[in-house]
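What follows is a group of structures, each given as structure tokens.
Both complexes below contain chain A, partnered by chain B and then by chain C.
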Partner chain A sequence: MKPTLKSRISSSLFALPYTLCFAAFLLFPICYGFYISLHDFELLSKEHPFVGLSNYIAIFTPNSYENSLFFRGLWATIQFVIFSVPLLIIAGLAIAMLVNALPSKLRGLFRTFYFIPYALSASVMAVIWLMMFDTNAGFLNSMLQKLGGQSIPWLTGTPWAWVSLIITTLWWTIGFNMIIFINALNQVPEDYYEAASIDGASSWSKFIYITLPTIRPVMLFVMITSTIASFNIYAQPFLLTRGGPGDTTRVLLINVLDHAFIRKEVGSASAMAIIMALIIIIISLVQYRLTYGRKEGN
Partner chain B sequence: MRKKGSMLVTLIIMVTLIAAGCSGGNTNNTTNDSTSQGNKSQSSNSENTKKGKTKLLFWSPFSGADGPFMKNIVDSYNASQDQYSMEFVIQPNGEYYKMLDVALNASKDSPDLVIMHLDQIPTYQSKGQLQAIDDLAANAGISKADYVEAPIDYATIDGKWYGIPLDIHPLVMYYNKDLFEKAGITSVPTNRAEFDAAVEKLTDQQAGVYGYVVPTLWPQQFIFPTLVWQNGGELWDGDNVAYNSPEAVEMIEWMRGLIDKGVSPSNVQQDGENTLFLQGKNAIQFNGPWMKSQFDEAGLNFGVAPVPQIGKAKPAVFGGSHNFAIPQGVTDEDILAGIGDFLKYVSSNSLDWAESGQALASKPMLESAEFKALPQSAIAESFSYVQFAPNVLNWPTISEPIWGELNNALLGNKPAQQAMDDAAAKSQQAIGK
Partner chain C sequence: MHKLRKALLIIVAILLAAVMLLPLVWMISTSLKNDFEALAGQMNFIPKKPTIDNYIQGLNGELMNVPIMRWITNSLSIGIIGTGIILLIDSMAAYALARLQDMMFRKILFSMFIASLMIPGVLTFLPMYMEFNGLGLINTYAALILPYTAGAFGVFLLYQFFISFPKEIEEAARIDGANKWQIYSRVVLPSSVSIMVTLGIFTFMGIYNDFVWPLYAATSPDMRTITAGIALMSQGSYTQAYGKLMAMTTIAALPVLIIFMIGQRFFVKAIIQSAVK
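Presenting the complex of A and B:
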């Protein structure tokens, strides 16, 4: 049935609010950010001369200030992404499967428990975990000492600073992945599992051969969103370790924001942000290709 | 199959774009939260003639426990006269300059009067963002002689005056009176020998009590310069960074020595020394006057004293100073007169601000009986040797590498000299631009 003009108009009207918000809050800032990155945009100056790609070139010039700022930050961020994304996916899936295996009365309760941290603001998260990780007055070290162990320098030691950031991130954001995976798991048809049981499959085989392939699109979604969120990390390293010890956890966004608002070089900082976005896009494309590449033959 | 595939691609690209935006809301919550907080109480000051009162917009970064004290002053000002109505906005402290920069660029809803830290004034003045207040001060009957000299000199650039000081907040020493009594210490230490002796007496590792817990992050921004200057070193020698000098390194090694001796625990993370102080497990803390109300609320039996002279050369202490400054864009005669009136009022009526723990910069207030009765009046003694951040453009950027490397040195990750040399190299790279 060919859509009538009336139905076309009404469906466009449904899409309009979102399109306006998208244009105002995503499209326009991205384009304006790109525009700023082509100018020498100092926050307090009245004039912003056009400088073409020189902000970008400065970032790739070895030994320049922008170069060390960008690549040291990028290295810290990449380390975080490598450590956190696999854990976010595996833990999310594991918790989802555990919650689904609970009796239905407890299921809702535990879903809520695991999701509540996601609703907290960054400041609250920081206050809680600073109290947990405090080397001398913190909860974790008190427990360790009572059990006869040694205090761990959670926020000031390497590799403990990374461990603490990962633990905090998992606690804070795993709820989101868990909910997505629960939904995906619920959509796997029950008959597949029954058929497999009849054929004598083990739980592990069921997981590998039924669950994983069926939730593959969702797995890809979670992988991409977790990677993006991990690349955008700011609150945890800034509030918990201040980029310490030294500058080992000084992630890229901390450097970009410092560059923009302390050094007041918004143009150069915008260039860094654009390059960071391009890196994230490339990685997402690679992830997509790796997951679906084999099917391209169709 | 092809149709499903292309739909999936579209879906994933759309979702990626959305998530790229949305995930900012998750992990970047600090910026989001504070922006919505700060913007709540802004109003336009275009209706100047409402009820005949001229409206003025005043921005401050006092989002901590000291905010309500300034609000009292503004409220009493508004109640004391009929001509002007000052609207007081508190922006979150950590975001203040970001928001100020954006507001100054925007010109609508831009503040008429701002609080600015003394060491920011040269930078903003050099970009033409501030206006000279000599005329406004003369018209309102405010004179430079009414204020402590140090901040006035700093804020006078090319012969013109750019900031009226509200307070001077130097580093101060807080100490736990109960722990001092228990250790039999009757007078506060005033030099390195007395300090070293006192902290050893105060430390009781069995009970988990430490004489002085060394912070490895904030507030080293106040402590390190204080120690360096006391020891005869400099942060900036007029041309280049100088904080990797032997005098500076000696002070870092002294702090590291306290950790090695056990007077301070090792691996102190952000705010660790303050938590232990609040718990009564840390006898001495160097921090700023803004902490006073937190200690009052915790019910601690604490005292305030000037920082002892640990260095070997001279008394010195690092301080900041909140100043009133006027953005360049404020041209309305009426508003300017109102600002002058308000500032004149503040110079004799800022006792409320002193009660937040701050030490005032206005001489009439310093000499008043009410101020002298407050515990922090002892801090005012240090005003004769208080020093502010080096008067160099972009000092925050130049000095930024210090803190990460100092953190490395105090945690024992690097020898102090190497840490400061590495920091100096990074600072020079920042200047090189």
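Presenting the complex of A and C:
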């Protein structure tokens, strides 16, 4: 039976409200962003002359203001990604394995303890750590002094500023990776381990030859989400180190948003945002290809 | 040997839990100290002279003209209204995509929604600001709610649930003469309470906790959200007034912590679903 036009319309109406929101607050902004990036779009001025690709060209012109703003920010962001992502994966997996090794009665309780910080807003998290890291009155330095050590300039010295950003990020987001890993570990078939035990395999070789290969797809998912999240880092350096010391922790997103809202150069900032988005999309496509490619190979 | 290993694991787990919870305990402890004690650099968890003045003064809004009650109202309002809208439009769209085969452009829309999950927020942030600015909607609830309605996560989550919903129940309702809307609202939705709660908790926490968008989309003092508000106070007039700052931070964290404690099971489900694409 062929559906009538009336039925087709009534079915489509169900999807209409969401589709309109999708068009207005996702598709339109994407197109508008490209349009803005092709114009000299000064936030407060009424005239926005078309300038072609010159916003993009400026970013790739050595020694231009835009060039140093973009690439210094990108370098700071990449440093953060390189420092944080391996730790987020290793610590996430380690904590998941710790939780799973606990007696079953305690698992839920400890999982909750490790997961609580993830429920907080980025700003709540940053403000709490602002106080923890305070050079004079902060908890960490008070503790160090009690133990007879030196105060550490957590937010104003290098490499401490990076250390602080990574501590806060780990504390805040490790629960997410832990949950994903716990779920993956629970799906490794029990008889794999039993068979290995009969063959006399050690815990370490079971981990290397059974656990890791089985949770490989989840590992890649965690790698992708952690990389994207770290690439988008903003609140921690914005509120904790304020980009300092000097410009060390001025990450790309801080530079892009300051360029748009403080210098009011929305056109040029949009070009930067688009290149940043392309980098993120390429990273996730490459990592996705890696999973997909392996599956084909099997 | 086995017992020793077990005891050791529990000790490690307790130490790690102490590290994870310490900042939160310290936040609450500091919020009950006066500013002098909060800045003294001591490590006492129990305040020497416990006081709730920080909370009273903070909530009154008299202190340094911070309308904190207004900020909480804003955050709770946009969280609740936004979650309501998203649950409605996402469930309707997911129902059509999963169950109404004669919907127009079904395949292409579905692919577009799925593909949009890969789009990073930075791509839409500035043009979204310009869009709302152009419409004169900066500093309104519309600007603080509407951008979240475009997210495809909810559609995707509910689609997966609806696609496995038994056909027989729907068929039975159709034979009884129910139309599509009646089937959706009286048959499908009442059977989807658990997944709707999952999406609801996840969505509310996402909107309530968002920080960067409201920081720019609402800049007038009475339109601030609590998350953006306390961030600005920490950089402005409350710098190093840790007692007061922590009282406000505790207040800001309370709604999500309560929801998290009650609905953790659902929240975990939403996160695991996001990984099983």
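As a convention for this text, the second predicted complex is superposed on the first by the 256 of 298 C-alpha atoms of A that agree within 3 Å, B and C clash if a C-alpha of one lies under 4 Å from a C-alpha of the other, contacts with A are read in each partner's own complex, and residues count from 1 in each chain.
Keep this in mind: a residue touches a chain if its C-beta (ideal position, glycine included) is under 8 Å from a C-beta of that chain, and two chains touch if they have at least 3 such contacts.
What you are looking at is a predicted structure, and each value in this text was computed from that prediction instead of being measured.
*Asks:* Look at where chain B and chain C land on chain A after superposing the complexes, then choose clash or fit.
*Replies:* Superposition check on chain A flags a clash between chain B and chain C.
*Asks:* When the two structures are laid over each other on chain A, which of chain B and chain C touches more residues of chain A?
*Replies:* After superposing on chain A, more of chain A is contacted by C.
*Asks:* After superposition on the shared chain, which partner residues are touched by A:234: those of chain B (first), chain C (second), both, or neither?
*Replies:* Both partners, chain B and chain C.
*Asks:* Of the partners chain B and chain C, which touch A:32 in the superposed model: first, second, both, neither?
*Replies:* Once the two structures are laid over each other on A, A:32 reaches chain C alone.
*Asks:* State whether A:186 touches chain B only (first), chain C only (second), both chains, or neither.
*Replies:* Neither: A:186 stays clear of chain B and chain C.
*Asks:* Taking the superposition as given, does A:202 touch the first partner, chain B, the second, chain C, both, or neither?
*Replies:* Touch partners of A:202: none, neither chain B nor chain C.
*Asks:* Just checking: does A:61 make contact with chain B only, chain C only, both, or neither of them? Give me first, second, both or neither.
*Replies:* In the superposed model, A:61 contacts neither chain B nor chain C.
*Asks:* Please indicate which partner A:247 is in contact with in the superposed arrangement: first for chain B, second for chain C, both, or neither.
*Replies:* A:247 sits against chain B, while chain C stays out of touch.
*Asks:* Quick check for you: in the superposed arrangement, does A:45 touch first (chain B), second (chain C), both or neither?
*Replies:* A:45 sits against chain B, while chain C stays out of touch.
*Asks:* Just to be sure I read the superposition right, which of the two partners does A:155 touch: chain B = first, chain C = second, or both, or neither?
*Replies:* first
*Asks:* Taking the superposition as given, does A:220 touch the first partner, chain B, the second, chain C, both, or neither?
*Replies:* After superposition on chain A, A:220 lies in contact with chain B alone.
*Asks:* Looking at chain A, which of its residues have contacts with both chain B and chain C?
*Replies:* 25-26, 121-123, 130, 134, 136-137, 176, 221, 228, 232, 234-235, 239, 242, 253, 261, 277, 280-281, 284
*Asks:* What residues of chain A sit close enough to touch chain B in their complex?
*Replies:* 25-26, 42-46, 63-65, 68, 118, 121-123, 130, 133-137, 151, 153-157, 173, 176, 217, 220-221, 224-225, 228-229, 232-236, 238-247, 250, 253, 258, 261-264, 277, 280-281, 284, 288, 292, 295, 298
*Asks:* Which residues, counting only chain B, touch chain A once they are in their complex?
*Replies:* That would be residues 1-2, 5, 8, 12, 15-17, 19-21, 23-24, 26-31, 33, 97-98, 101-102, 104-105, 123-124, 127-129, 208, 213, 216-218, 265-272, 275-276, 279, 281, 394, 396-397, 400, 404-405, 407-408, 411, 413-414, 426, 429-430, 432-433 of chain B.
*Asks:* What does chain C use to touch chain A in their complex?
*Replies:* Interface residues on the chain C side: 6, 9-10, 12-13, 16-17, 20-24, 26-27, 30, 38-43, 88-90, 92-93, 95-97, 100-105, 109, 112-113, 116, 118-131, 146-147, 149-150, 152, 155, 179-180, 184, 205, 208-212, 216, 227-228, 230-231, 234-235, 240, 242, 245-246, 249, 252-253, 256-257, 259-261, 264, 267-268, 271-272, 275.
*Asks:* Which of the residues in chain A end up touching chain C in this complex?
*Replies:* Contact set of chain A toward chain C: 3, 7-12, 14-15, 17-19, 21-22, 24-26, 28-30, 32-33, 36, 41, 95, 98-99, 101-103, 106, 110, 112-117, 119-124, 126-132, 134, 136-139, 141-143, 145-146, 171, 176, 179-180, 183, 218, 221, 228, 231-232, 234-235, 239, 242, 253, 256-257, 260-261, 266, 269-270, 273-274, 276-277, 280-281, 284.
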